[in-house]
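What follows is a group of structures, each given as C-alpha cells.
Each of the two complexes below includes chain A, the first together with chain B, the second together with chain C.
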Partner chain A sequence: MTTIRTTRGARWLALLLLGAFVLATPGGAWLGRPADAQPKEFKVGVALSVSGIFSRDAALFKEVYDLWAETVNKAGGIRVKGTGYPVRITYYDDESSPQKSAQLVERLATSDKVDLLLAGFGSSVAFAATAVAEKYKYPYISGAASANPLFERGYKYFFATLNKTFDEVEGAAKVWALVSPKPTRAAVIGSDHLFGKLAAEGFKKFLGEMGIEVVHFEIFPLDLADYNSLLLKVKRQNPDLLLVGGLFSHALRVMKATKEVDFSPKGMAFSYGPTVPEFLKEFGKDAEGVIAASEWLPSFPFKDPVFGSAAQFNETVVQKYGHPADYVQAAAAGGLVAQQKAIETLGLVPPLGEKEREALMEQLHKQEVQTLYGQVKFAADGGIVQKPPIAVQIQNGKFALVYPKDVSGTQAGTLIYPLAPWRSR
Partner chain B sequence: MTFLADLVQTLINGILQGGVYAAAAVGLSLIFGVSGILNAAHGELVMLGAFATYWLFTLYHVDPLLTLPVSFALLFALGFTLQYFVLHRTLGRPLLLSLLVTFGISMILVNAALRLWSADYRMLRIPYFEHSLLVGPFILPLSRVVACAVGIGMVAGLSWLLASTRLGRMIRATAQDLEMARLVGVNPRSIYAVTFGLGAGVSGVAGSLVALYAPVEPNMGLTFTLFAFAVVVLGGLGYTAGVVWGGLTLGIAQALTETYLEAGLSLLVAFFLLYLILRFMPAGIMGKGRLE
Partner chain C sequence: MARASVVSVFGVLLLLPLGIGPYPLRVATVIFMWAALAGSWNLLAGYAGAVDLGPVVYHGIGAFVTAACMLKLGLPFLVSAALAGGAAMTIAWAVGTPTLRLRGAYFAIGTLALAESAKQLALAWDRLTGIPLTGGSAGVSLPLSAGYLVFYYVMLGLMTAVTAAAFWLRGSKFGYGLRAVGENDRLAEASGVDIHRLKRRVYVGSALAIAVTGGTAGYWLSYINAAEVFSASMTFQMVVMALLGGIGTPLGPVLGAAFLTLASEFLGTRFVYHYLIAIGVIIVGISLFAPAGLSGLLDLAWRRRARVSL
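Now for the complex of A and B:
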C-alpha cells in the first residue's frame, strides 16, 4: 500500500511540476518555439490622474498617449536600424495625488522596469514624480507642467514642452494692451495649487507692468463650495477685467458663478480651461469672447513624421475622440515625438538600461526637433526654448489667435472687447 | 453697496449654500441615528443622484425637477439592497467595521462611475435656471434658491415621516430599543434596510439638487461626505432635523469667511467650528444630538 501511495504521489508531483514548468516558461517555449520569437517592445509606463481633481485634464493626455502608441505600432513600431519595436503603455492612476504619482513612478522604474516614462498631468504631480524619475534616471517630458520652481532644481531628466507658467500666461495678460479704451482695473483670482497660484501671480505681475491696477487678488481653495460669494466680492470692486489662474474645473465654476451673480467684466481671461473641449460644449454662446492662455493652434504650419501636420493631428483627434485637439495635447505629442526621435537617432533598442537612458537624456538636451507642436529644443533647465506665449479668444465657437499679432504666418484676429453683459448674451 | 447690504447678500449666499448642505447631510444623519452606521460612501450616493439627473436631462430631456423622484427611487433601491445584503452583517459590530465596508463601497461606486461615465466634468444647462432673482440690490440665483428650498423641504418631509407615520414610528422604535421593537413585531432587518434606502434616496435627491448649479463628476462625493459629517456633528449626531441648523451654520460661516476674510480660510473656519461644537456643545447646536 505504501508503495502504491508513493507512486501515485510521485505521479501527482510530476504532473504538478510539469504544469508549473509549462506555466512558468515564458512565451510557451516548451512547445518548441524559440523564446526570442516574441518581438521586443518598448515598455512604457505612466502614472496619470485617471481620477481626482486633474482627471478631466489628464484624460486629454491619455488620448494622446493612446494615439501615439496606435500610430507608432501601426507603422511597425519605433524604427531602430531598420527594425520596428512596438510600444506598450502601462497606465496607473495617481488619483491626482503628487505623493501617489511619485510612488507609482517608483513602481514603474523598479518593479515594472519600464524602458520609458511618460509624464502625468500638471505641475504639482510633476513636482513629486520628477524627483523619482531623476533618481532612477528616466527622462520625463511633460506637456502640462510649467510651474517655474520645477525648473529651478537643477534636474537633468525633467523636460517640459510648455512655457514656464509666468511666460505661459503672458499673452493672456498682455493682450489687454491692445484694447481701447485701455482697461485700468483688474481682479485676479487663482486656485490654491502650484499652477493656479503661479498663473495668478504671473497675471498680477504682467498687469502691473502694463499699468493696470490689480484691485483684487485672491487665492481660493481647490474644493471651494460657494463660488458666488467669491465672485460677488470681486464684482463689488468693479474691475474692468477678471483673470483666473487655475484648471478646467475652476474655469467652469467661475464662469457659472459670474453669470449667477450677474458679474459682467469687460474682459475675462483664464490660464487654462477654455481650451478643454467641454468648456465650449458647456457654455456655447456664453463663452463668446473669453480669452485663454495657449501655446498652439491647429492652424500653425508645423509638422513631424509621426503625427503629420498640426492640422492632421487635430483632424485625427476630432475623428477619434470627437473634439478638437487642445494645446496641451499638442504639447504632449511634441514631447513624444522628441523622445522617439532621440531613440531613433541613438539607435537604442529595448530593454533600456541606465546607461541608455542617460544617453537619451543627453540627446534630448542636445537635439532640436521639428514637431507638429513647433520646434522642440530644450534649455539646460529642461524648459523649452523660443516658444512665443499666445492668447486665444473664443469667437464664433472657435479659438482665434488674438496675441501676438503673428505666429509663424498665422495672423491675429480682431479682439472682441468689451464682452456683452450676461443679460444680453 | 453699503455694509449692511453686503452683509445681507452674504447671509443670503450662506443660507442658500446651507440649505443644500442640510439636504446632503440628512441621509447620513438618519442612517447613523437608526442603525449606527457611519456611511463613508455617503458622498457617492449624492454623486449617483447627480448623475441620475444629469443623464435623464441630457438623454431624455426630462426636466431636472421631475428627475427628483426618479433619483430618489433609484437610490432607495440601491440603499435598500446594500443594507439588506451587505451592511446587515456589520450591525452590532464595532463602528470601524461599518466604516471599512462603506469605504469599500465608496471605492467601488467611484470607480464604477469613472468606468461608465469617465472623469469628465459635466454641467446641466437649464436655460430657465440660469437667471437670478433680483430683490432690490440682492441677487438670488434661481437654481440655488430652488435647490435650497427643495432641500429644506425634503428635510422637513423626512422629519414629518419619522414623527407622524407608522413607518416612522417603527424606525424610531428600532433606533431606540431593538429588543422591544422586535417584541412588538418589527422586523429589524427590513426596517434597517428601509432606513438606509430612505437615507440613500434623500442623498440622491440632494445630488440632483447639486446638479442644478454645480458640475457633476465621479469624484465629487468626497467633499459631500466631509461636509455632511461636519453638518451632522454641528446639528447633533442622530438628530435628523438638526442638519438644517448644522447646514445653515456651516453655510453662513463659510460665506462670511469668503466675503470678509479669504476664500482660502473657509475650510479652516468650517473645521474650527466643528472643533468648538465638539468641545463645548457635543450634542450639537440645538443640544438634541446623541452623546455616546
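Now for the complex of A and C:
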C-alpha cells in the first residue's frame, strides 16, 4: 500500500522537477551560459547580497549599478575611440555568504567571462570575493568594504572609495571639540563585527587624543537580543556623549533602546546608520541632532561627466527610488566613474582579456579622477587618498555638514548641542 | 554490479579536472565539501540515531587550527589540516564522553548549545586568553593558494572516505551494533552492546572529517571568521542535505549535496530574486512525496527496472 503511494508521489515529483529544470535552462545550457551573439558590449558582473544580512544595504548598491547602466547606455555606452559600447550587468545573489560570493565571482570570471566586475556589499563578503578577483585579475572597486585588514593583504586588484573604517569615524569624533561647554565624558559601544568593532576602536582613539574620557567601552554581540540593558549600563555612567560603531540595524536598535530607557546624552554619533534613508523614516523628529560619520553630501560641489553634479545625482536617486542618496551610493558611483574613465583613457574595447584588465588595474592606481563623490585617487594598498572624513548632523530632517568647517567650499553649519531630552523632542 | 559502478564513478571524478573548466571544478568541489559534511553528520544521526545539532564546532576548530598552523608555525597546508583533524578528535573525545550520554532531544539541544557557546568563545578568544588565534570578529586572513586543484582532491578524498565509512557501517558488526543503538538504545544496551563507546567512536571519526573539511574550506576562501565557520546555518544545511538525499543511507548525503548545490546553481543564476522560494518548495515537495529522500527514489526506480527486466 505504502509502496504504491510513494510511487505515485515519486512520479509527480519527478515530473515537477523535470518541469522546473526545463524552465530553468533556456537553450539547454547547463553550467555556464551560451556564447553571446552580440560581442560589442561590456559584460559586467556582480555577486550581490540579494538575500541575507547584507540585503538591505546591498539594495542601495543595486540602485546605483542600475542607474549607472541606464545612464551610460542612454548616452550611447562607454565611449572608446569614438565608438559607444553599451554595458550589461549580470546580477547573482551571494546570500551574504562569503563562500557563495567567491563561487559566484569565479563563475562570472571564468564561465560568464565578464569584462568587468563590480563589488558586493560588506567586508566579510569582500574578503572572499577579492581573493578570487585577485586570482583572475579583475579590478574590484568597493564602495562599502572598508575594514582595515582588507588593505593589509597586499592585493593589487582591490580598491575602495570609502576611507578605512578606523579613519572613517574621525570626523564624527573630532566634531565634539567644536561644542561648548566641552564634553568630558563619553561612552563608546560597538557591535562585535569587523566594521562595528573597528569603528568603536577608532572612536575611542580619537576621543582619547582630544582629552575626552571614555567612561564606558563595550563591544556587544552581533545578535544581542536586549539592547535596553546595554543602554541602561551606559546610562548609569551618565556620559555626555554616546558614540556607536555598527551597521544600520545596530544604529536602529540603539536609538530605540535609548528612548525606551529614557537616556538622553548631550550628543550622539554613529559610524553608520543614520544616513540610510529608512533611519529618518523610522525616527522622524526623534532623530533630530543625531550625528553620523559620512564621506559625502549632495551639497558638495563635485561633478563628473557621467552622473553630473552631486546634487543632480541625488535628485535622480530621489526621482527613481524615492529616497535621498546615501553616501555609500555616492562612493559606489565614484568607483564606477573611476573605472569607466580608466577604460576610456586606455581605449580598451570589449572583450577585455587578462592583459587589458592588468592595464586597467595599473591605470586605476595611476589616475586621478574627479567624480560626483570627489577626487578619486588610490594609494598602493587600494585605499583612497586625501579624502577628509566628514560628520553630518540631522537638522530639520536633512543632513547638514558639521565637520570639518569647509569641504571644497561647502560650509559647515552650526551644531545642535546639547540634544533635547527624549521627552521634549 | 553496484560496486563496479561506484568504482567507475570514482575513477571519472579522479580524472574530471582534466576535462572541465575552473568554474565547474569549483561547483564540484563545493558539492564534495557538502557531501563530506552532510555525510559526517549522517554517520551519527543516520546510523546511531543521535541527532547532533552542533557539528559546526569541529568545522570551526578545523578552520582555525589549520590557519594557525599555517600562519604561526609555517607548516604546509596538508600537514596543518591533518593536525587540525587531530585536535578536533581530541576535543570530540573529551566533549563526546559526557554529551553522548544524553538521549534524543536532550542530545540535540545540548549540542546546539555547545555550538553556540563555541562560537561565542571563538569570538572572544583573543580578548580572553591573549593568545591570538581567531582574530575575534575581525577573523583571520590566509594567503592565496597557488591553485584550486588541491582543494578538489582533498574534498573528493573526504567525501569518499565518509561515504566508504557509511558503506562499511552497513555491513560490519560495528555497524549492526550502531544501528541497534539507533533503533532502540536500551534494548541494545541490554543485549550487550557498549552503546556509549560505539557512539563516541563515530562522533570522534566524524569530527575528524568535519575538521579537515573546515580547514580546507577556510584556506580555499582565504578568510575565516568565527561567525561564519561556527554558524548554525551550516548545521542546518548539512541536516537538510542529508534528509533530502536520504538519512541513514551511504549515498544519501552525496545525492542531497549534489542536488541542492546544483539546484541553487541553476535556479539561482536564472531567477536571482525568486529562486530561494523555488528551492523551499522543492525541499517541502521531496519531504512530502518522498520521505525516504532521493536515494529512496533511486532505489525505487532501480527495483522497478529490475522487476520489468524479469
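Here is the rule we use: the second predicted complex is superposed on the first by the 386 of 425 C-alpha atoms of A that agree within 3 Å, B and C clash if a C-alpha of one lies under 4 Å from a C-alpha of the other, contacts with A are read in each partner's own complex, and residues count from 1 in each chain.
Assume a contact is a pair of C-beta atoms (placed from the backbone, for glycine too) under 8 Å apart; a residue touches a chain by one contact, two chains touch by 3 or more.
In this text the structure is predicted, and so the values were computed from the model without any measurement.
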On chain A, which partner's contacts cover more residues, chain B's or chain C's?
-> C
Can A:R153 be said to touch chain B (first), chain C (second), both, or neither?
-> second
Mind working out whether A:S51 is in touch with chain B, chain C, both or neither, as first, second, both or neither?
-> both
Look at A:T414 in the shared chain and tell me whether it touches chain B only, chain C only, both, or neither; answer first, second, both or neither.
-> neither
Kindly classify A:S111 by the partners it touches after superposition: chain B alone (first), chain C alone (second), both, or neither?
-> second
With the two complexes superposed on chain A, say which partner A:P221 touches: chain B (first), chain C (second), both, or neither.
-> both
Looking at the overlay, does A:S229 come into contact with chain B only (first), chain C only (second), both, or neither?
-> first
First (chain B), second (chain C), both or neither touched by A:F127 | second
Tell me which partner A:H193 touches in the superposition: chain B (first), chain C (second), both or neither.
-> second
Would you tell me the residues on chain A in contact with chain B in one complex that are also in contact with chain C in the other?
-> 50-51, 192, 219, 221
Give every residue of chain B touching chain A within the complex, in rising order.
-> 1, 6, 9-10, 13-14, 16-17, 110-111, 114, 118-123, 125, 130, 132, 139, 141, 143-144, 213-215, 217-219, 223, 227, 251, 254-255, 258-259, 262-264, 266-267
Spell out the residues on chain A that touch chain C in their complex, using ranges where they run on.
-> 3, 6-7, 9-10, 12-14, 16-17, 20-21, 24-26, 30-32, 50-51, 91-93, 97-99, 102-104, 106-107, 110-111, 124, 127-128, 131, 134-135, 147, 149, 152-153, 192-194, 196-198, 219, 221-222
Given the complex, residues on chain A that touch chain B span 50-53, 55-56, 58-59, 192, 218-221, 223-226, 228-230, 232-233, 236, 248-249, 252-253, 256, 259-262, 278, 282, 284
The answer for chain C against chain A in the complex is residues 21-24, 26-27, 30, 120, 123, 136-139, 141, 144, 217, 221-223, 225, 227-228, 265-273, 275-276, 278, 282, 285-286, 288-290, 292, 296-297, 300-301, 304
